[in-house]
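Chain nomenclature is as follows: A, B, C, D, E, F, G and H, assigned in order of appearance, with residue numbering initiated at 1 for each chain independently.
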Amino acid sequence: MKSCDTDNLGFARVDIQRQSRQGVAEVVYGEGKTAGQTIEILSSLKSHGQSPVLVTRIDPDKAGKVTAALGGDFTYFPQARLGRLGGNRPCDGIGKIVVACGGTSDIPVAEESALVAEALGNEVVRLYDVGVAGLHRLLSCSDELRAANAVVAVAGMEGALPSVIGGLVDAPVIAVPTSIGYGASFGGVAALLAMLNSCAAGVSVVNIDNGFGAGFLASRINHPKGAK
Amino acid sequence: MKSCDTDNLGFARVDIQRQSRQGVAEVVYGEGKTAGQTIEILSSLKSHGQSPVLVTRIDPDKAGKVTAALGGDFTYFPQARLGRLGGNRPCDGIGKIVVACGGTSDIPVAEESALVAEALGNEVVRLYDVGVAGLHRLLSCSDELRAANAVVAVAGMEGALPSVIGGLVDAPVIAVPTSIGYGASFGGVAALLAMLNSCAAGVSVVNIDNGFGAGFLASRINHPKGAK
Amino acid sequence: MKSCDTDNLGFARVDIQRQSRQGVAEVVYGEGKTAGQTIEILSSLKSHGQSPVLVTRIDPDKAGKVTAALGGDFTYFPQARLGRLGGNRPCDGIGKIVVACGGTSDIPVAEESALVAEALGNEVVRLYDVGVAGLHRLLSCSDELRAANAVVAVAGMEGALPSVIGGLVDAPVIAVPTSIGYGASFGGVAALLAMLNSCAAGVSVVNIDNGFGAGFLASRINHPKGAK
Amino acid sequence: MKSCDTDNLGFARVDIQRQSRQGVAEVVYGEGKTAGQTIEILSSLKSHGQSPVLVTRIDPDKAGKVTAALGGDFTYFPQARLGRLGGNRPCDGIGKIVVACGGTSDIPVAEESALVAEALGNEVVRLYDVGVAGLHRLLSCSDELRAANAVVAVAGMEGALPSVIGGLVDAPVIAVPTSIGYGASFGGVAALLAMLNSCAAGVSVVNIDNGFGAGFLASRINHPKGAK
Amino acid sequence: MKSCDTDNLGFARVDIQRQSRQGVAEVVYGEGKTAGQTIEILSSLKSHGQSPVLVTRIDPDKAGKVTAALGGDFTYFPQARLGRLGGNRPCDGIGKIVVACGGTSDIPVAEESALVAEALGNEVVRLYDVGVAGLHRLLSCSDELRAANAVVAVAGMEGALPSVIGGLVDAPVIAVPTSIGYGASFGGVAALLAMLNSCAAGVSVVNIDNGFGAGFLASRINHPKGAK
Amino acid sequence: MKSCDTDNLGFARVDIQRQSRQGVAEVVYGEGKTAGQTIEILSSLKSHGQSPVLVTRIDPDKAGKVTAALGGDFTYFPQARLGRLGGNRPCDGIGKIVVACGGTSDIPVAEESALVAEALGNEVVRLYDVGVAGLHRLLSCSDELRAANAVVAVAGMEGALPSVIGGLVDAPVIAVPTSIGYGASFGGVAALLAMLNSCAAGVSVVNIDNGFGAGFLASRINHPKGAK
Amino acid sequence: MKSCDTDNLGFARVDIQRQSRQGVAEVVYGEGKTAGQTIEILSSLKSHGQSPVLVTRIDPDKAGKVTAALGGDFTYFPQARLGRLGGNRPCDGIGKIVVACGGTSDIPVAEESALVAEALGNEVVRLYDVGVAGLHRLLSCSDELRAANAVVAVAGMEGALPSVIGGLVDAPVIAVPTSIGYGASFGGVAALLAMLNSCAAGVSVVNIDNGFGAGFLASRINHPKGAK
Amino acid sequence: MKSCDTDNLGFARVDIQRQSRQGVAEVVYGEGKTAGQTIEILSSLKSHGQSPVLVTRIDPDKAGKVTAALGGDFTYFPQARLGRLGGNRPCDGIGKIVVACGGTSDIPVAEESALVAEALGNEVVRLYDVGVAGLHRLLSCSDELRAANAVVAVAGMEGALPSVIGGLVDAPVIAVPTSIGYGASFGGVAALLAMLNSCAAGVSVVNIDNGFGAGFLASRINHPKGAK
């Protein structure tokens, strides 16, 4: 690997060949960066032909500044706090991805997953508010679940959704704990632990509220090497 | 309350009027007591007409010594580590109690609940190995669940069983986390937190592995004051 | 169960037959929802004849918007952050429910319990500021406590109230830890742990500050199946 | 789903149609079961044509009893504490699975992953002792890593391996924290947290020491629905 | 302070003038020391006229070796795992010390407190098995409690005893959490947190199972400087 | 105890005989109460002759309202967030109390201790900014420390001050951890744990930032029963 | 040590001879102090010839007041929240110090390290945004890393950077976890634990976000006693 | 770096050029390895001229087998559970290293540090049992402390030793928390947190009981690049 792989901006070393090397452009973690830093990084990536470029956890205020600087190329999804430079990749995954969530309050995280998966070339089926305390809601979606090539299961509080889905499907289930809850939910820790201890096989877990990570991973699963 | 309510053995002040005052005799916590102490306490309770008297968390070795000292009056249930002095109370609860558990490994805790409830005068229905990762097992028991006046739901690992049952029944659900699991189950903490954060209404929780507490409470619910 | 059991609003699948199925209408968790979402869900439930419908953890601002949209049918209790669509159910429980709390600061959580129990058809006796550090306050209420068919015991800090009450009564005690305290109270964790480890039998626990859950459960206990 | 889907042994409800429903037979969690219970469950599964059947976390002593009861059909892998009833499935995955681990002490967990993946019909490449503190060891395996369709990355202590691998490959990375370490490793918690916070995209995590779960999930990824 | 204050044994620097400087001889923490090291340290202290010398957390096996080496001067209290070289100090405290404990299982820790206080010259009143779940046991001892100049309150599980005592007396209350309990007692953490959050004023806390520390401190309180 | 011991305000049961019973009037925990509630409680206590009455953790805004309502009788100490109704008790303790703190940032907590002790009739010596990282500062105060009848040692960060003082004095040391620090201080937990594990005998601990509790306890120690 | 070593301001005992005693003047922890207190302390140090004097964790508002009071002598670095009274020490370290960080968001902490090291007389090489998920960025800086006499490695999230660097260099590596991350990063705890468990030898760790501590220690390492 | 840098034994990739690359041979972590694996690794290292080679955390039983296999070249230090293949490096550090510990129980960890530092070519001064609760013991060693080029400070319980030493010296202080203690010491966590929060500058921390890491790092500090 040559050092010309990166564009060194001083505060950031931008990976300008990630797309050719790993198939998907570098993703920008928006939270710890100023609007100015974000604009510089996106400009560098754009000028090196990377597209789409995703920016996660970017608040509306910064996003407004980025939009002003980069023009129509940049789309912002406020519910998911996600930005996208360039358009979605063509939909070339080998199957469908289901994004399910337990309650209305989990939708922002679920949307982050869904939008990321769509940006990276996947067809996404959304099943929202199908939490386990009202099982008939989930069971009435059995067909959509069983048809999926990967399932992203998003839930807060007791985080039981991935376990129940894991018993219904034979595709990989990516569990996303959310920080929805109070008291002994400890900001999502209760859901996280439940998911790590799922007695259903085929379940793995990403960080609390990490909708991006789940959508990205689902897309990788849906673009297998062996099938290319 | 007079001080003659207790029989002061020095190492223990035995509550010899609990049965007349609260309906059920004092329960002996076996874990921190020697066989000798346990025998002295049981003898005091027996001589004051308390029956049945339960001893929880008593290991087979101590139980053997107690049996040798107290004779046929004392029954030991090794799987549940439970001892009972005297026979079961007549079955006078107003309904049935279901004791359900997620997996085979949870049965010792579930049995402690079931035996305690039976000792205190309740009809118990056991539904074992009905964990949420194979939902059809639980759903095929819907009738038994819906007929219960109280449900004890015992589970380790992700502890999702009470949430799912809570959505199916309209009786109180007492959740018992077990220490079954490994790694991030943290000896039952994952299940405990999941149960405390249950999104199903009507669920409350007892300590990890506290089968006794759940059975005792289910019996209280099944012997309501208003119905007497 | 048929899928027509739910009214799918996209962001929520409203359970429009919960009342006929489980006796009590779906309860709306207000915290993670916008005022608009809350209004839509309540409108759906109202149009399907569900009443009363409770909304928990709804702040005054959102509650104002809901009141504006739904009119006189919606009552808001600011101290408990609770909303109720429709009137209280007739008082048909088999006994009385006592709601006790340790200190003045615990009253908001205690009121949530009391109001929920009243909405669901129960007579409630309030015993506030009876914490264990001034025992005479609690002991002077012994008669009310002993007459209850279920007790909700609300306390922060060291959370000892349920243990002491559990030793005085023979009804089920539902312990509610509150987040009142500072330092090593860890937002209610100290009280939660104390309650889970209560040496009094007949005590179970709900999540920190979950006054709703305790009131709901007390009502279930006070409406037993066997007594109907 | 009909209740005849399970063979109810009292202490267990065996899922005798899992293989036809989800492609892979029920997996038996060996830890909380007696040898006798394990033998009964395996016999039931075998008599219903399920093969291969995996038993996880079974110690040598119990495994010996199972072997004695079930004969040559049962193979035991002591390092991985894994048993397998029946032979490996034909190798029909669409690509290769790499199982990598950080140090010699992590090998038992890695072997559990590798053996499970092989049992379920996958070609596995083992890369052991390639921890990040001696980076040249990992970098010299870049070709094998980049050729994989899924990577299982097993590590204890600081758990950095999945992050580094995640930056090198474009396949899904399943991170397995191990309990190897001491002091502030807290039985694998340090590695678990590191993996959940990986700054590399495409990484998800299973429970501490859950080699089985990672191997099972890698197999699911390597047998995608869309490619069948 | 001169360096000749200590007798440097290589593995230990023995404080041979502590008694003249602080009134009480150095206390030997037995747990991490071999029998040989303990004997050497005690011999050094004895030869420099320190008496009594206490050894805490010393198991029966080591204590036997110490007794063999030091002869009749050394007394061992197995329940409290405490050794004492020399006799008790004359009883010269200004008042009485009450040592109370919640249950029979807490007695070993309570005894450590009581014996230490007696060794250091105090009259001790023992009130054992007076836990809060049977309040009448504690209330019947109100006179003894109110007469004390310091109270040591020992309890495991929910650790409520010090709060209740703190509301009954006007003397300092030293709370000692014990590791008695299971599940969410976390080895005494639940009791520790409860005691730190006591809503009764005048309560302070020592480490879990630290009966020694509480007895030592009670003695200091009972030997005030101003009263000498 | 008669129920007329309390003045029941509905939201509070005010203990109007605490001063005659326990020597010191009820202390009002200001944090969870409104200004109106605080005023009502103080008025009740005042009208029953209790004085001085302390209000802890009351912010300047509420304190202003209380001052406006109760007039010159109420004094507010903003740094310590402490209010006092009535004047200090006459200085009748048997010795001096030292209040020491580690750094400038710990002074608000130390002042709460000092002011409470003064209000309750004690002479207080303040030794501030004597943290262990500059030992000469502490050692130069050895005489004041050794003359004290009780020492309150306040420290954040690593919380080592009580251990060092405990080795210098022969009076009781009350350790107060503060929330001063960042990162792994966890809001005072690091200091709390250090103090609980102090290897110096004669040290006990109160809750994080509980300057009130330490000052109150020091006063109790300084007003021993035996010396009266 | 004489008590005249300190200038006692009441709220602070300023160490006015630290520079002559330990080579570097006292460092002022800015967070818990008012602007007025900070100014008084700095004035005292300045008048006693201490220079440079560093103030850590001082916010822009307080820094503005200090600048106004102390004039051009005081320099403020807002990104690092660091103030310096007086100029940098001459650059007299025996080698170079590398300060490396994982991502753009870690730069404020890294800058605190770098500025402190420069103030104390060291040449600093900055390597920013060289996180392990894009290994080529770090490897392209191998020469700078290997030339360093001490390396400060700053990282949040999974905190893997020090382990990887530790395997590349033979100089001491000081690991600084940052609070960058979300969910299960727990404000830097994940990175802290990873660093404490580093499998690379030669790594030690300072508190979360403690850039100052790492820079100060690196300077000590770079000014060895033996080399003077 | 070429792949021939390692000797691939299958279960381990031995780094046979570490000594030429980083100055010190690879260190073998003994805990998770069998005696056979340890022997193979040591034989490989020996045959490639690496010396001395250290083996940490190896128990006496395994060490016996290694000694039997490798002969007189292998020395075992049972107290420190350390093995060394080959002799100590010549003593070529630029100064002295002090290893201090708080109590007798901490000596095994301190010895691990001291022996490692000696093996790597350093003169070591041991100061044992100098804990902060008896400050005069530490202060009487001030000269040795101030002469050191690096200090390893080993302590359990409240872990205050490094803070106090850090205020006395101007050399780097490496803090080693030990697992000595009970109750709220949580296996060394209390000491670890105290050390991470040290208010003394120049202190960094290694893992609990990691005497090896501290000795290794002290040696690196004592062999600076700039001084070579």
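The rule is short, and it goes like this: a contact is a pair of C-beta atoms (placed from the backbone, for glycine too) under 8 Å apart; a residue touches a chain by one contact, two chains touch by 3 or more.
Not measured: the values here are computed from a predicted model.
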Item checked: Per Cα centroids, the chain farthest from chain D -> F
Next item on the list: Sharing over half of the contact pairs with A-D by residue number is what counts; pick that pair out of B-D, F-G or B-C.
Entry: B-C
Notebook entry, point to check: In angstrom, rounded to a whole number, how far apart do the mean CA points of chain B and chain E lie?
Noted result: 36
Notebook entry, point to check: Counting in whole Å, what is the centre-to-centre distance of chain C and chain G, each centre being its mean C-alpha position?
Noted result: 51
Margin query: Using mean CA coordinates as chain centres, what's the gap between chain B and chain F in Å?
Written below: 44
Next item on the list: Any chance you could list the residues of chain A touching two or more other chains?
Entry: 29, 103, 134, 183-185, 189, 192, 196-197, 199, 201, 207
Item checked: All chain pairs that touch each other -> A-B, A-C, A-D, A-G, B-C, B-D, B-E, C-E, C-F, D-G, D-H, E-F, E-H, F-G, F-H, G-H
Item checked: Residue ranges of chain E in contact with chain B within the complex -> 103-107, 128-130, 134, 136-137, 139-140, 180, 182-185
Item checked: Residues of chain E that touch chain C when the two form their complex -> 102-103, 131-135, 157-160, 163-164, 166-168, 181, 183-186, 189-191, 193-200
Margin query: Which stretch or stretches of chain F touch chain C in the complex?
Written below: 1-3, 5-6, 10-13, 15, 18, 26, 29, 31-33, 37, 57, 177, 179, 187-189, 192, 207-210
Item checked: chain C residues within the chain B interface of the complex -> 21-24, 27, 29, 93-95, 147-149, 169-172, 174, 192, 196-197, 199, 201-207, 212-214, 216-217, 220-222, 224-227
